[in-house]
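In what follows, structures are represented as C-alpha coordinates.
Both of the next two complexes hold chain A, though its partner changes from chain B to chain C.
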Partner chain A sequence: MINVVTQAKLWYWQRLSAMVLALCVVSHLAMIVYASRGGLTAAEILARTRGNAPFAAFYSVFVAACAIHVPIGLKSIAVEWLRWRERSASIAAAIIALALLVMGFRAVYAIFV
Partner chain B sequence: MMRNVGAHGHPAWWAFVAHRISGLLLAIFLPLHFWALGTALSGAAALDAFLHFAEQPVVKFAQWCLVVLLVVHLTGGVRLLLVEFRPWSGLRKDWIAGTLGMAAMIGLVYALALIV
Partner chain C sequence: MNEPLYAAIWRGKTNGSFSTYEVPRHESQTVLDVVTYVQRHLDPTLAYRFACRVGMCGSCAMSVNGTPRWTCRTHVAKVVRGNTVRIAPLAHLPIIRDLVTDMREFFDKWTRAKGDFVGTRTRRDDFARVAPNSPERTAADAGVECIGCGVCYAACDVVGWRADFLGPAALNRAWTLVNDARDVGGRIRLRAVAGDAGCHACHTQGSCTQWCPKQLAPTAAIAGLKRATAKAAVRGEL
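Take a look at the complex of A and B:
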(Lines of atoms letter the chains of each structure in order from A and count residues from 1; the text may use other names and numbers.)
(Lines give C-alpha, C1' and ligand atoms only; values in the text may rest on other atoms or scores of the structure.)
Protein backbone atom coordinates (compact mmCIF):
# COMPACT_ATOMS: atom_id res chain seq x y z
CA MET A 1 0.00 0.00 0.00
CA ILE A 2 1.40 3.34 -1.01
CA ASN A 3 2.10 5.98 1.60
CA VAL A 4 -0.48 8.68 0.90
CA VAL A 5 1.68 11.51 2.27
CA THR A 6 4.59 10.49 0.02
CA GLN A 7 2.19 10.27 -2.92
CA ALA A 8 0.90 13.81 -2.23
CA LYS A 9 4.44 15.16 -1.86
CA LEU A 10 5.52 13.61 -5.17
CA TRP A 11 2.44 15.05 -6.87
CA TYR A 12 3.30 18.48 -5.45
CA TRP A 13 6.97 18.34 -6.51
CA GLN A 14 5.98 17.10 -9.96
CA ARG A 15 3.71 20.13 -10.46
CA LEU A 16 6.12 22.62 -8.91
CA SER A 17 8.96 21.40 -11.12
CA ALA A 18 6.57 21.47 -14.11
CA MET A 19 5.91 25.17 -13.53
CA VAL A 20 9.64 25.91 -13.49
CA LEU A 21 10.21 23.68 -16.52
CA ALA A 22 7.40 25.34 -18.50
CA LEU A 23 9.29 28.66 -18.28
CA CYS A 24 12.67 27.02 -18.95
CA VAL A 25 11.41 25.04 -21.95
CA VAL A 26 9.91 28.09 -23.66
CA SER A 27 13.31 29.86 -23.47
CA HIS A 28 15.13 26.67 -24.44
CA LEU A 29 12.94 26.18 -27.53
CA ALA A 30 13.57 29.76 -28.62
CA MET A 31 17.30 29.16 -28.12
CA ILE A 32 17.19 25.88 -30.08
CA VAL A 33 15.47 27.46 -33.08
CA TYR A 34 17.73 30.54 -32.99
CA ALA A 35 20.96 28.55 -32.60
CA SER A 36 20.08 25.91 -35.20
CA ARG A 37 19.91 28.35 -38.10
CA GLY A 38 22.84 27.77 -40.39
CA GLY A 39 23.96 24.67 -38.48
CA LEU A 40 25.64 24.18 -35.11
CA THR A 41 29.36 24.39 -34.46
CA ALA A 42 31.21 23.92 -31.17
CA ALA A 43 32.89 27.34 -31.59
CA GLU A 44 29.50 29.01 -32.00
CA ILE A 45 27.97 27.23 -28.99
CA LEU A 46 30.96 27.75 -26.69
CA ALA A 47 31.29 31.42 -27.68
CA ARG A 48 27.77 31.89 -26.31
CA THR A 49 28.18 29.79 -23.19
CA ARG A 50 31.77 30.05 -21.90
CA GLY A 51 32.02 32.34 -18.91
CA ASN A 52 28.35 33.27 -19.28
CA ALA A 53 27.16 33.16 -15.65
CA PRO A 54 23.46 34.01 -16.26
CA PHE A 55 23.40 31.23 -18.86
CA ALA A 56 24.97 28.74 -16.42
CA ALA A 57 22.53 29.79 -13.67
CA PHE A 58 19.55 29.38 -15.99
CA TYR A 59 20.62 25.92 -17.14
CA SER A 60 21.48 24.85 -13.57
CA VAL A 61 17.89 25.60 -12.55
CA PHE A 62 16.72 23.76 -15.68
CA VAL A 63 18.82 20.69 -14.78
CA ALA A 64 17.61 20.68 -11.16
CA ALA A 65 13.97 20.89 -12.27
CA CYS A 66 14.54 18.03 -14.75
CA ALA A 67 16.16 15.92 -12.02
CA ILE A 68 12.97 16.31 -9.95
CA HIS A 69 10.40 16.05 -12.75
CA VAL A 70 11.75 13.16 -14.85
CA PRO A 71 12.21 10.52 -12.11
CA ILE A 72 8.72 11.14 -10.66
CA GLY A 73 7.21 10.70 -14.14
CA LEU A 74 9.23 7.55 -14.79
CA LYS A 75 8.22 6.18 -11.39
CA SER A 76 4.53 6.59 -12.32
CA ILE A 77 5.12 4.74 -15.58
CA ALA A 78 7.00 1.93 -13.79
CA VAL A 79 4.20 1.48 -11.24
CA GLU A 80 1.19 1.96 -13.53
CA TRP A 81 2.36 0.37 -16.79
CA LEU A 82 5.13 -2.03 -15.74
CA ARG A 83 3.49 -2.99 -12.43
CA TRP A 84 6.68 -2.33 -10.46
CA ARG A 85 6.35 -2.33 -6.70
CA GLU A 86 6.26 1.11 -5.12
CA ARG A 87 9.54 0.56 -3.25
CA SER A 88 11.55 -0.68 -6.25
CA ALA A 89 10.20 2.17 -8.40
CA SER A 90 11.11 4.73 -5.72
CA ILE A 91 14.66 3.40 -5.44
CA ALA A 92 15.08 3.44 -9.23
CA ALA A 93 13.66 6.99 -9.35
CA ALA A 94 16.14 8.19 -6.69
CA ILE A 95 19.05 6.69 -8.66
CA ILE A 96 17.81 8.33 -11.89
CA ALA A 97 17.41 11.67 -10.09
CA LEU A 98 21.00 11.51 -8.86
CA ALA A 99 22.32 10.43 -12.28
CA LEU A 100 20.47 13.29 -14.03
CA LEU A 101 21.79 15.80 -11.50
CA VAL A 102 25.39 14.65 -11.97
CA MET A 103 25.17 14.37 -15.77
CA GLY A 104 23.25 17.63 -16.10
CA PHE A 105 25.59 19.73 -13.97
CA ARG A 106 28.54 18.11 -15.74
CA ALA A 107 27.05 19.22 -19.07
CA VAL A 108 26.48 22.79 -17.84
CA TYR A 109 30.03 22.89 -16.45
CA ALA A 110 31.45 21.47 -19.70
CA ILE A 111 30.15 24.31 -21.83
CA PHE A 112 30.65 27.02 -19.18
CA VAL A 113 34.37 26.58 -18.38
CA MET B 1 -6.07 1.36 -17.17
CA MET B 2 -7.63 -2.00 -17.94
CA ARG B 3 -10.45 -1.39 -15.45
CA ASN B 4 -11.52 1.82 -17.13
CA VAL B 5 -11.92 0.81 -20.75
CA GLY B 6 -14.87 3.19 -21.24
CA ALA B 7 -12.58 6.19 -20.69
CA HIS B 8 -10.39 5.30 -23.66
CA GLY B 9 -10.59 6.87 -27.08
CA HIS B 10 -11.62 10.32 -25.85
CA PRO B 11 -9.53 13.42 -26.67
CA ALA B 12 -8.45 13.71 -23.01
CA TRP B 13 -7.31 10.07 -23.03
CA TRP B 14 -5.27 10.65 -26.17
CA ALA B 15 -3.84 13.75 -24.51
CA PHE B 16 -2.79 11.56 -21.56
CA VAL B 17 -1.15 9.01 -23.90
CA ALA B 18 0.65 11.75 -25.87
CA HIS B 19 1.87 13.35 -22.63
CA ARG B 20 3.13 10.08 -21.23
CA ILE B 21 4.84 8.81 -24.41
CA SER B 22 6.44 12.20 -25.13
CA GLY B 23 7.64 12.39 -21.52
CA LEU B 24 9.09 8.88 -21.67
CA LEU B 25 10.95 9.52 -24.94
CA LEU B 26 12.28 12.86 -23.66
CA ALA B 27 13.46 11.14 -20.46
CA ILE B 28 15.35 8.56 -22.53
CA PHE B 29 16.90 11.31 -24.65
CA LEU B 30 17.98 13.54 -21.74
CA PRO B 31 21.06 11.53 -20.60
CA LEU B 32 22.26 11.39 -24.23
CA HIS B 33 21.84 15.16 -24.50
CA PHE B 34 23.84 15.70 -21.29
CA TRP B 35 26.51 13.25 -22.45
CA ALA B 36 26.84 15.01 -25.83
CA LEU B 37 27.33 18.41 -24.16
CA GLY B 38 29.77 16.81 -21.72
CA THR B 39 32.09 15.95 -24.63
CA ALA B 40 33.08 19.65 -24.55
CA LEU B 41 35.15 18.78 -21.45
CA SER B 42 37.62 17.18 -23.86
CA GLY B 43 37.73 20.36 -25.93
CA ALA B 44 35.80 22.02 -28.75
CA ALA B 45 37.02 19.40 -31.24
CA ALA B 46 35.27 16.60 -29.32
CA LEU B 47 31.99 18.54 -29.32
CA ASP B 48 32.45 19.28 -33.03
CA ALA B 49 32.90 15.56 -33.71
CA PHE B 50 29.54 14.93 -32.09
CA LEU B 51 27.90 17.84 -33.95
CA HIS B 52 29.29 16.45 -37.19
CA PHE B 53 27.62 13.12 -36.39
CA ALA B 54 24.39 15.01 -35.67
CA GLU B 55 24.45 16.47 -39.21
CA GLN B 56 23.30 13.13 -40.65
CA PRO B 57 19.74 13.37 -42.00
CA VAL B 58 18.48 10.56 -39.75
CA VAL B 59 19.91 12.24 -36.63
CA LYS B 60 18.56 15.62 -37.75
CA PHE B 61 15.13 14.07 -38.16
CA ALA B 62 15.42 12.55 -34.66
CA GLN B 63 16.31 16.02 -33.31
CA TRP B 64 13.27 17.45 -35.05
CA CYS B 65 11.07 14.74 -33.53
CA LEU B 66 12.48 15.52 -30.07
CA VAL B 67 11.68 19.23 -30.43
CA VAL B 68 8.12 18.38 -31.49
CA LEU B 69 7.83 15.98 -28.52
CA LEU B 70 9.10 18.74 -26.24
CA VAL B 71 6.40 21.11 -27.53
CA VAL B 72 3.74 18.42 -27.09
CA HIS B 73 4.89 17.74 -23.51
CA LEU B 74 5.15 21.45 -22.69
CA THR B 75 1.74 22.45 -24.05
CA GLY B 76 0.04 19.32 -22.72
CA GLY B 77 1.71 19.93 -19.36
CA VAL B 78 0.50 23.53 -19.18
CA ARG B 79 -3.00 22.20 -19.92
CA LEU B 80 -2.72 19.79 -16.97
CA LEU B 81 -1.57 22.60 -14.68
CA LEU B 82 -4.57 24.70 -15.78
CA VAL B 83 -6.96 21.77 -15.23
CA GLU B 84 -5.56 21.14 -11.76
CA PHE B 85 -4.83 24.63 -10.44
CA ARG B 86 -7.23 27.00 -12.17
CA PRO B 87 -11.00 27.18 -11.54
CA TRP B 88 -12.68 24.14 -13.05
CA SER B 89 -13.85 24.61 -16.62
CA GLY B 90 -13.92 21.07 -17.94
CA LEU B 91 -11.03 19.16 -19.47
CA ARG B 92 -9.82 22.17 -21.45
CA LYS B 93 -10.13 20.45 -24.80
CA ASP B 94 -9.19 23.71 -26.52
CA TRP B 95 -5.71 23.13 -25.05
CA ILE B 96 -5.66 19.62 -26.53
CA ALA B 97 -6.27 21.16 -29.96
CA GLY B 98 -3.77 23.88 -29.04
CA THR B 99 -1.14 21.23 -28.28
CA LEU B 100 -1.45 19.87 -31.80
CA GLY B 101 -1.40 23.39 -33.22
CA MET B 102 1.71 24.40 -31.26
CA ALA B 103 3.50 21.17 -32.20
CA ALA B 104 2.73 21.80 -35.89
CA MET B 105 3.76 25.45 -35.71
CA ILE B 106 7.02 25.06 -33.78
CA GLY B 107 7.73 21.91 -35.82
CA LEU B 108 7.55 23.94 -39.02
CA VAL B 109 9.61 26.81 -37.59
CA TYR B 110 12.31 24.41 -36.38
CA ALA B 111 12.27 22.50 -39.69
CA LEU B 112 12.91 25.79 -41.45
CA ALA B 113 15.79 26.59 -39.05
CA LEU B 114 17.30 23.16 -39.73
CA ILE B 115 16.98 23.42 -43.51
CA VAL B 116 18.07 27.04 -44.03
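Take a look at the complex of A and C:
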Protein backbone atom coordinates (compact mmCIF):
# COMPACT_ATOMS: atom_id res chain seq x y z
CA MET A 1 0.00 0.00 0.00
CA ILE A 2 1.43 3.37 -1.04
CA ASN A 3 1.24 5.90 1.82
CA VAL A 4 -1.01 8.95 1.48
CA VAL A 5 1.84 11.42 1.05
CA THR A 6 3.17 9.44 -1.92
CA GLN A 7 -0.36 9.11 -3.31
CA ALA A 8 -0.74 12.90 -3.08
CA LYS A 9 2.66 13.47 -4.70
CA LEU A 10 1.80 11.10 -7.54
CA TRP A 11 -1.36 13.12 -8.15
CA TYR A 12 0.64 16.34 -8.44
CA TRP A 13 3.19 14.65 -10.70
CA GLN A 14 0.37 13.55 -12.94
CA ARG A 15 -1.09 17.07 -12.97
CA LEU A 16 2.30 18.63 -13.82
CA SER A 17 3.07 16.03 -16.50
CA ALA A 18 -0.38 16.72 -18.02
CA MET A 19 0.58 20.37 -18.45
CA VAL A 20 3.85 19.36 -20.14
CA LEU A 21 1.99 16.86 -22.34
CA ALA A 22 -0.55 19.47 -23.41
CA LEU A 23 2.28 21.57 -24.86
CA CYS A 24 4.14 18.55 -26.27
CA VAL A 25 1.13 17.03 -28.01
CA VAL A 26 0.11 20.33 -29.62
CA SER A 27 3.68 20.99 -30.80
CA HIS A 28 4.04 17.40 -32.01
CA LEU A 29 0.82 17.52 -34.07
CA ALA A 30 1.59 20.98 -35.46
CA MET A 31 5.05 19.75 -36.47
CA ILE A 32 3.66 16.67 -38.24
CA VAL A 33 1.04 18.70 -40.14
CA TYR A 34 3.62 21.33 -41.11
CA ALA A 35 6.40 18.88 -42.10
CA SER A 36 4.30 16.44 -44.08
CA ARG A 37 2.45 18.93 -46.30
CA GLY A 38 4.29 17.85 -49.49
CA GLY A 39 4.80 14.20 -48.50
CA LEU A 40 7.68 12.96 -46.40
CA THR A 41 9.93 9.88 -46.61
CA ALA A 42 11.72 8.13 -43.74
CA ALA A 43 15.06 9.22 -45.20
CA GLU A 44 13.94 12.85 -45.24
CA ILE A 45 12.82 12.64 -41.62
CA LEU A 46 16.10 11.11 -40.50
CA ALA A 47 18.06 13.73 -42.44
CA ARG A 48 16.37 16.41 -40.31
CA THR A 49 16.47 14.64 -36.94
CA ARG A 50 19.98 13.11 -36.91
CA GLY A 51 22.29 15.18 -34.75
CA ASN A 52 19.45 17.64 -34.07
CA ALA A 53 19.86 18.20 -30.32
CA PRO A 54 16.81 20.48 -29.74
CA PHE A 55 14.67 17.87 -31.51
CA ALA A 56 16.01 15.05 -29.32
CA ALA A 57 15.59 17.20 -26.20
CA PHE A 58 11.96 17.97 -27.05
CA TYR A 59 11.10 14.30 -27.54
CA SER A 60 13.02 13.28 -24.41
CA VAL A 61 10.79 15.61 -22.39
CA PHE A 62 7.76 14.18 -24.22
CA VAL A 63 8.78 10.60 -23.37
CA ALA A 64 9.47 11.43 -19.73
CA ALA A 65 6.10 13.18 -19.37
CA CYS A 66 4.32 10.15 -20.91
CA ALA A 67 6.16 7.74 -18.65
CA ILE A 68 4.99 9.73 -15.61
CA HIS A 69 1.45 10.57 -16.71
CA VAL A 70 0.19 7.37 -18.29
CA PRO A 71 0.97 4.77 -15.57
CA ILE A 72 -0.55 6.90 -12.79
CA GLY A 73 -3.77 7.24 -14.78
CA LEU A 74 -3.84 3.56 -15.77
CA LYS A 75 -3.38 2.58 -12.12
CA SER A 76 -6.51 4.57 -11.17
CA ILE A 77 -8.47 3.02 -14.04
CA ALA A 78 -7.35 -0.48 -13.01
CA VAL A 79 -8.42 0.09 -9.40
CA GLU A 80 -11.67 1.95 -10.09
CA TRP A 81 -13.01 0.27 -13.23
CA LEU A 82 -11.33 -3.15 -13.34
CA ARG A 83 -11.43 -3.59 -9.54
CA TRP A 84 -7.76 -4.53 -9.36
CA ARG A 85 -6.14 -4.53 -5.98
CA GLU A 86 -3.97 -1.50 -5.18
CA ARG A 87 -0.80 -3.58 -5.10
CA SER A 88 -1.32 -5.38 -8.43
CA ALA A 89 -2.27 -2.09 -10.09
CA SER A 90 0.87 -0.39 -8.73
CA ILE A 91 3.12 -3.19 -9.98
CA ALA A 92 1.48 -3.14 -13.42
CA ALA A 93 1.81 0.66 -13.54
CA ALA A 94 5.51 0.46 -12.66
CA ILE A 95 6.08 -2.07 -15.47
CA ILE A 96 4.23 0.16 -17.94
CA ALA A 97 6.27 3.19 -16.80
CA LEU A 98 9.48 1.26 -17.41
CA ALA A 99 8.29 0.01 -20.81
CA LEU A 100 7.33 3.55 -21.90
CA LEU A 101 10.71 4.89 -20.80
CA VAL A 102 12.68 2.15 -22.59
CA MET A 103 10.65 2.23 -25.82
CA GLY A 104 10.44 6.01 -25.86
CA PHE A 105 14.12 6.71 -25.31
CA ARG A 106 15.02 3.93 -27.73
CA ALA A 107 12.98 5.75 -30.39
CA VAL A 108 14.56 9.12 -29.53
CA TYR A 109 18.01 7.52 -29.74
CA ALA A 110 17.17 5.91 -33.09
CA ILE A 111 16.23 9.19 -34.79
CA PHE A 112 19.07 11.17 -33.19
CA VAL A 113 22.09 8.94 -33.83
CA MET B 1 -54.46 16.45 -11.77
CA ASN B 2 -57.16 13.76 -11.96
CA GLU B 3 -54.78 11.32 -13.60
CA PRO B 4 -53.49 8.76 -11.08
CA LEU B 5 -49.82 8.61 -10.26
CA TYR B 6 -47.95 5.31 -10.24
CA ALA B 7 -45.19 5.11 -7.66
CA ALA B 8 -42.71 2.29 -8.23
CA ILE B 9 -41.11 1.88 -4.81
CA TRP B 10 -38.18 -0.35 -3.85
CA ARG B 11 -39.19 -3.07 -1.39
CA GLY B 12 -36.87 -5.38 0.49
CA LYS B 13 -33.12 -5.34 0.90
CA THR B 14 -30.37 -5.41 -1.75
CA ASN B 15 -32.05 -8.27 -3.59
CA GLY B 16 -35.53 -6.71 -3.39
CA SER B 17 -37.65 -5.38 -6.23
CA PHE B 18 -39.95 -2.50 -7.17
CA SER B 19 -43.64 -2.60 -6.25
CA THR B 20 -46.01 -0.20 -7.96
CA TYR B 21 -48.72 1.71 -6.07
CA GLU B 22 -51.47 3.91 -7.43
CA VAL B 23 -51.52 7.24 -5.62
CA PRO B 24 -53.91 10.20 -6.12
CA ARG B 25 -52.32 13.27 -7.70
CA HIS B 26 -52.40 16.61 -5.91
CA GLU B 27 -51.13 20.04 -6.68
CA SER B 28 -47.71 20.83 -5.15
CA GLN B 29 -47.36 17.17 -4.15
CA THR B 30 -43.87 16.17 -3.06
CA VAL B 31 -42.20 12.79 -3.48
CA LEU B 32 -42.25 12.46 0.32
CA ASP B 33 -46.03 13.04 0.22
CA VAL B 34 -46.29 10.11 -2.19
CA VAL B 35 -44.23 7.79 0.00
CA THR B 36 -46.18 8.86 3.10
CA TYR B 37 -49.50 8.22 1.31
CA VAL B 38 -48.38 4.70 0.40
CA GLN B 39 -47.26 3.98 3.97
CA ARG B 40 -50.43 5.39 5.59
CA HIS B 41 -53.06 4.18 3.15
CA LEU B 42 -51.74 1.29 1.05
CA ASP B 43 -49.00 -0.60 2.86
CA PRO B 44 -48.11 0.20 6.48
CA THR B 45 -45.05 -2.10 6.29
CA LEU B 46 -43.21 0.33 3.99
CA ALA B 47 -40.05 1.59 5.74
CA TYR B 48 -38.72 5.09 5.01
CA ARG B 49 -37.05 7.87 6.91
CA PHE B 50 -38.02 11.52 7.35
CA ALA B 51 -38.20 14.10 10.11
CA CYS B 52 -38.57 17.82 9.45
CA ARG B 53 -40.38 17.84 6.04
CA VAL B 54 -38.95 21.29 5.30
CA GLY B 55 -35.46 20.65 3.94
CA MET B 56 -33.50 21.12 7.14
CA CYS B 57 -32.78 17.73 8.68
CA GLY B 58 -31.38 15.82 5.71
CA SER B 59 -33.03 12.51 6.55
CA CYS B 60 -35.47 11.96 3.65
CA ALA B 61 -33.02 11.72 0.73
CA MET B 62 -33.89 8.94 -1.75
CA SER B 63 -33.16 8.06 -5.32
CA VAL B 64 -35.97 9.45 -7.49
CA ASN B 65 -36.01 8.27 -11.11
CA GLY B 66 -32.32 7.40 -10.68
CA THR B 67 -31.32 10.78 -9.24
CA PRO B 68 -30.58 11.40 -5.55
CA ARG B 69 -32.91 14.06 -4.14
CA TRP B 70 -34.31 15.43 -0.88
CA THR B 71 -37.82 14.08 -1.27
CA CYS B 72 -39.56 16.59 1.03
CA ARG B 73 -38.61 19.46 -1.29
CA THR B 74 -38.93 17.62 -4.59
CA HIS B 75 -42.22 18.23 -6.37
CA VAL B 76 -43.66 15.27 -8.22
CA ALA B 77 -44.48 17.55 -11.16
CA LYS B 78 -40.77 18.28 -11.56
CA VAL B 79 -39.58 14.68 -11.71
CA VAL B 80 -42.52 12.58 -12.95
CA ARG B 81 -42.04 10.70 -16.23
CA GLY B 82 -45.37 10.10 -17.91
CA ASN B 83 -47.37 9.26 -14.82
CA THR B 84 -44.72 7.18 -13.04
CA VAL B 85 -42.15 8.03 -10.43
CA ARG B 86 -39.52 5.48 -9.42
CA ILE B 87 -38.38 5.76 -5.81
CA ALA B 88 -35.40 3.79 -4.47
CA PRO B 89 -33.03 4.02 -1.50
CA LEU B 90 -29.92 6.18 -1.90
CA ALA B 91 -27.12 4.55 -3.90
CA HIS B 92 -23.74 3.54 -2.40
CA LEU B 93 -25.20 2.79 1.03
CA PRO B 94 -26.27 -0.61 2.41
CA ILE B 95 -30.04 -1.03 2.35
CA ILE B 96 -31.60 -1.83 5.73
CA ARG B 97 -35.10 -2.24 4.30
CA ASP B 98 -37.19 -0.62 1.57
CA LEU B 99 -36.15 3.06 1.38
CA VAL B 100 -34.03 3.09 4.53
CA THR B 101 -30.24 2.95 4.14
CA ASP B 102 -27.56 2.37 6.73
CA MET B 103 -25.74 5.72 6.86
CA ARG B 104 -23.07 4.72 9.38
CA GLU B 105 -20.27 4.52 6.80
CA PHE B 106 -21.27 7.93 5.41
CA PHE B 107 -20.96 9.59 8.83
CA ASP B 108 -17.94 7.51 9.93
CA LYS B 109 -16.12 9.01 6.96
CA TRP B 110 -16.73 12.50 8.38
CA THR B 111 -14.84 11.33 11.46
CA ARG B 112 -12.10 9.80 9.32
CA ALA B 113 -11.79 13.11 7.45
CA LYS B 114 -11.24 14.80 10.85
CA GLY B 115 -14.52 16.63 10.49
CA ASP B 116 -14.60 17.58 14.17
CA PHE B 117 -13.57 21.06 15.28
CA VAL B 118 -10.31 21.27 17.24
CA GLY B 119 -10.10 24.48 19.26
CA THR B 120 -7.79 25.86 21.93
CA ARG B 121 -10.00 28.43 23.65
CA THR B 122 -11.87 27.75 26.83
CA ARG B 123 -15.06 29.31 28.14
CA ARG B 124 -12.92 31.83 30.03
CA ASP B 125 -11.41 33.19 26.83
CA ASP B 126 -12.97 35.97 24.79
CA PHE B 127 -14.76 35.20 21.52
CA ALA B 128 -12.54 34.72 18.48
CA ARG B 129 -12.87 37.62 16.08
CA VAL B 130 -13.15 36.46 12.49
CA ALA B 131 -13.47 39.12 9.80
CA PRO B 132 -16.69 38.28 7.91
CA ASN B 133 -15.19 39.22 4.56
CA SER B 134 -11.87 37.40 4.94
CA PRO B 135 -11.19 34.83 2.19
CA GLU B 136 -11.10 32.01 4.77
CA ARG B 137 -14.45 32.97 6.30
CA THR B 138 -15.97 33.27 2.79
CA ALA B 139 -14.66 29.81 1.85
CA ALA B 140 -16.01 28.30 5.09
CA ASP B 141 -19.38 30.01 4.56
CA ALA B 142 -19.67 28.43 1.12
CA GLY B 143 -19.72 24.92 2.56
CA VAL B 144 -21.05 25.27 6.09
CA GLU B 145 -24.77 24.83 5.34
CA CYS B 146 -24.46 21.09 4.61
CA ILE B 147 -27.38 19.16 6.13
CA GLY B 148 -25.72 15.74 5.83
CA CYS B 149 -28.43 14.26 3.62
CA GLY B 150 -26.07 12.00 1.64
CA VAL B 151 -27.28 13.15 -1.80
CA CYS B 152 -23.74 14.04 -2.92
CA TYR B 153 -22.43 10.70 -1.63
CA ALA B 154 -25.04 8.80 -3.64
CA ALA B 155 -24.39 10.96 -6.73
CA CYS B 156 -20.61 10.42 -6.71
CA ASP B 157 -19.24 7.78 -9.09
CA VAL B 158 -15.92 7.62 -7.24
CA VAL B 159 -17.73 6.58 -4.04
CA GLY B 160 -19.08 3.62 -6.03
CA TRP B 161 -15.64 2.75 -7.39
CA ARG B 162 -13.55 3.17 -4.25
CA ALA B 163 -15.07 1.81 -1.05
CA ASP B 164 -12.65 3.83 1.10
CA PHE B 165 -13.20 7.18 -0.68
CA LEU B 166 -14.28 9.71 1.96
CA GLY B 167 -16.83 11.29 -0.36
CA PRO B 168 -17.93 14.85 -1.12
CA ALA B 169 -19.73 15.65 2.16
CA ALA B 170 -16.88 14.62 4.47
CA LEU B 171 -14.32 16.44 2.31
CA ASN B 172 -16.54 19.53 2.17
CA ARG B 173 -16.71 19.48 5.97
CA ALA B 174 -12.92 19.16 6.21
CA TRP B 175 -12.54 22.15 3.88
CA THR B 176 -14.75 24.37 6.07
CA LEU B 177 -12.52 23.49 9.04
CA VAL B 178 -9.31 24.08 7.07
CA ASN B 179 -10.68 27.62 6.60
CA ASP B 180 -11.76 28.02 10.23
CA ALA B 181 -9.34 30.52 11.79
CA ARG B 182 -10.01 29.07 15.28
CA ASP B 183 -9.26 25.46 14.35
CA VAL B 184 -5.83 24.00 15.08
CA GLY B 185 -6.28 20.49 13.63
CA GLY B 186 -4.98 21.54 10.21
CA ARG B 187 -1.97 19.34 9.65
CA ILE B 188 -3.54 16.10 10.85
CA ARG B 189 -6.68 16.90 8.87
CA LEU B 190 -4.81 17.56 5.62
CA ARG B 191 -3.06 14.24 5.98
CA ALA B 192 -6.40 12.56 6.63
CA VAL B 193 -7.97 13.96 3.45
CA ALA B 194 -4.93 13.49 1.15
CA GLY B 195 -4.33 10.55 -1.15
CA ASP B 196 -6.44 8.00 -2.99
CA ALA B 197 -9.09 7.70 -0.28
CA GLY B 198 -9.29 11.47 -0.02
CA CYS B 199 -9.39 14.54 -2.23
CA HIS B 200 -6.92 13.17 -4.79
CA ALA B 201 -9.33 10.44 -5.89
CA CYS B 202 -11.88 13.04 -7.06
CA HIS B 203 -12.17 13.24 -10.85
CA THR B 204 -13.97 16.61 -10.72
CA GLN B 205 -17.02 15.15 -12.44
CA GLY B 206 -19.17 17.52 -10.38
CA SER B 207 -22.19 15.27 -9.73
CA CYS B 208 -22.09 16.25 -6.03
CA THR B 209 -22.31 19.93 -6.92
CA GLN B 210 -24.99 19.32 -9.53
CA TRP B 211 -27.34 17.48 -7.15
CA CYS B 212 -26.61 19.07 -3.76
CA PRO B 213 -30.06 20.28 -2.66
CA LYS B 214 -28.44 23.14 -0.73
CA GLN B 215 -26.56 24.26 -3.84
CA LEU B 216 -23.20 23.79 -2.14
CA ALA B 217 -20.14 23.00 -4.23
CA PRO B 218 -18.20 20.09 -2.72
CA THR B 219 -16.24 19.95 -6.00
CA ALA B 220 -14.82 23.40 -5.21
CA ALA B 221 -14.10 22.34 -1.62
CA ILE B 222 -12.19 19.28 -2.87
CA ALA B 223 -10.22 21.45 -5.31
CA GLY B 224 -9.39 23.68 -2.33
CA LEU B 225 -8.14 20.68 -0.37
CA LYS B 226 -5.94 19.69 -3.33
CA ARG B 227 -4.40 23.17 -3.32
CA ALA B 228 -3.95 23.13 0.46
CA THR B 229 -2.30 19.69 0.47
CA ALA B 230 -0.02 20.76 -2.40
CA LYS B 231 1.14 23.80 -0.40
CA ALA B 232 1.67 21.62 2.68
CA ALA B 233 3.58 19.01 0.65
CA VAL B 234 5.89 21.64 -0.86
CA ARG B 235 6.66 22.94 2.65
CA GLY B 236 7.25 19.34 3.79
CA GLU B 237 4.34 19.65 6.24
CA LEU B 238 2.06 16.94 4.87
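FYI, the second predicted complex is superposed on the first by the 110 of 113 C-alpha atoms of A that agree within 3 Å, B and C clash if a C-alpha of one lies under 4 Å from a C-alpha of the other, contacts with A are read in each partner's own complex, and residues count from 1 in each chain.
Heads up, the rule we're going with is that a residue touches a chain if its C-beta (ideal position, glycine included) is under 8 Å from a C-beta of that chain, and two chains touch if they have at least 3 such contacts.
Predicted, not measured: the structure shown is a model, and the values here were computed from it.
K.L.:
Count the residues of chain A touched by chain B and by chain C, then name the partner with the higher count.
P.N.:
B
K.L.:
Looking at A:19 after the superposition, I want to know if it touches chain B, chain C, both of them or none. Which is it: first, second, both, neither?
P.N.:
A:19 sits against chain B, while chain C stays out of touch.
K.L.:
Just chain B (first), just chain C (second), both, or neither: which does A:4 touch?
P.N.:
Only chain C; A:4 stays clear of chain B.
K.L.:
Which partner does A:74 reach: the first (chain B), the second (chain C), both, or neither?
P.N.:
first
K.L.:
Just to be sure I read the superposition right, which of the two partners does A:53 touch: chain B = first, chain C = second, or both, or neither?
P.N.:
neither
K.L.:
Could you tell me if A:82 is touching chain B, chain C, both of them or neither one (first, second, both, neither)?
P.N.:
A:82 contacts neither chain B nor chain C.
K.L.:
Check whether A:106 is in contact with chain B, with chain C, with both or with neither, and answer first, second, both or neither.
P.N.:
So A:106 only meets chain B here.
K.L.:
With the touch criterion stated at the top, can you tell me which chain A residues are shared between the chain B interface and the chain C interface?
P.N.:
80-81.
K.L.:
So in the complex, which bits of chain C are touching chain A?
P.N.:
Interface residues on the chain C side: 158, 161-162, 191, 194-198, 200-201, 226, 229-230, 233, 238.
K.L.:
Can you tell me which positions in chain A touch chain C when the two form their complex?
P.N.:
The touching residues are 2-5, 7-9, 11-12, 76, 79-81, 86.
K.L.:
Which residues of chain A touch chain B in the complex?
P.N.:
Against chain B, the touching part of chain A is residues 15, 18-19, 21-22, 25-26, 28-29, 32-34, 36-43, 45-46, 66, 70, 73-74, 77, 80-81, 99-100, 103-104, 106-111.
K.L.:
Taking the touch rule as given, give the residues of chain B at its contact with chain A in the complex, in rising order.
P.N.:
Residues 1, 20, 23-24, 26-27, 30-31, 33-35, 37-41, 44-45, 47-48, 51, 54-55, 67, 70-71, 74, 77-78, 80-81, 84-85, 106, 109-110, 113-114, 116 of chain B touch chain A in their complex.
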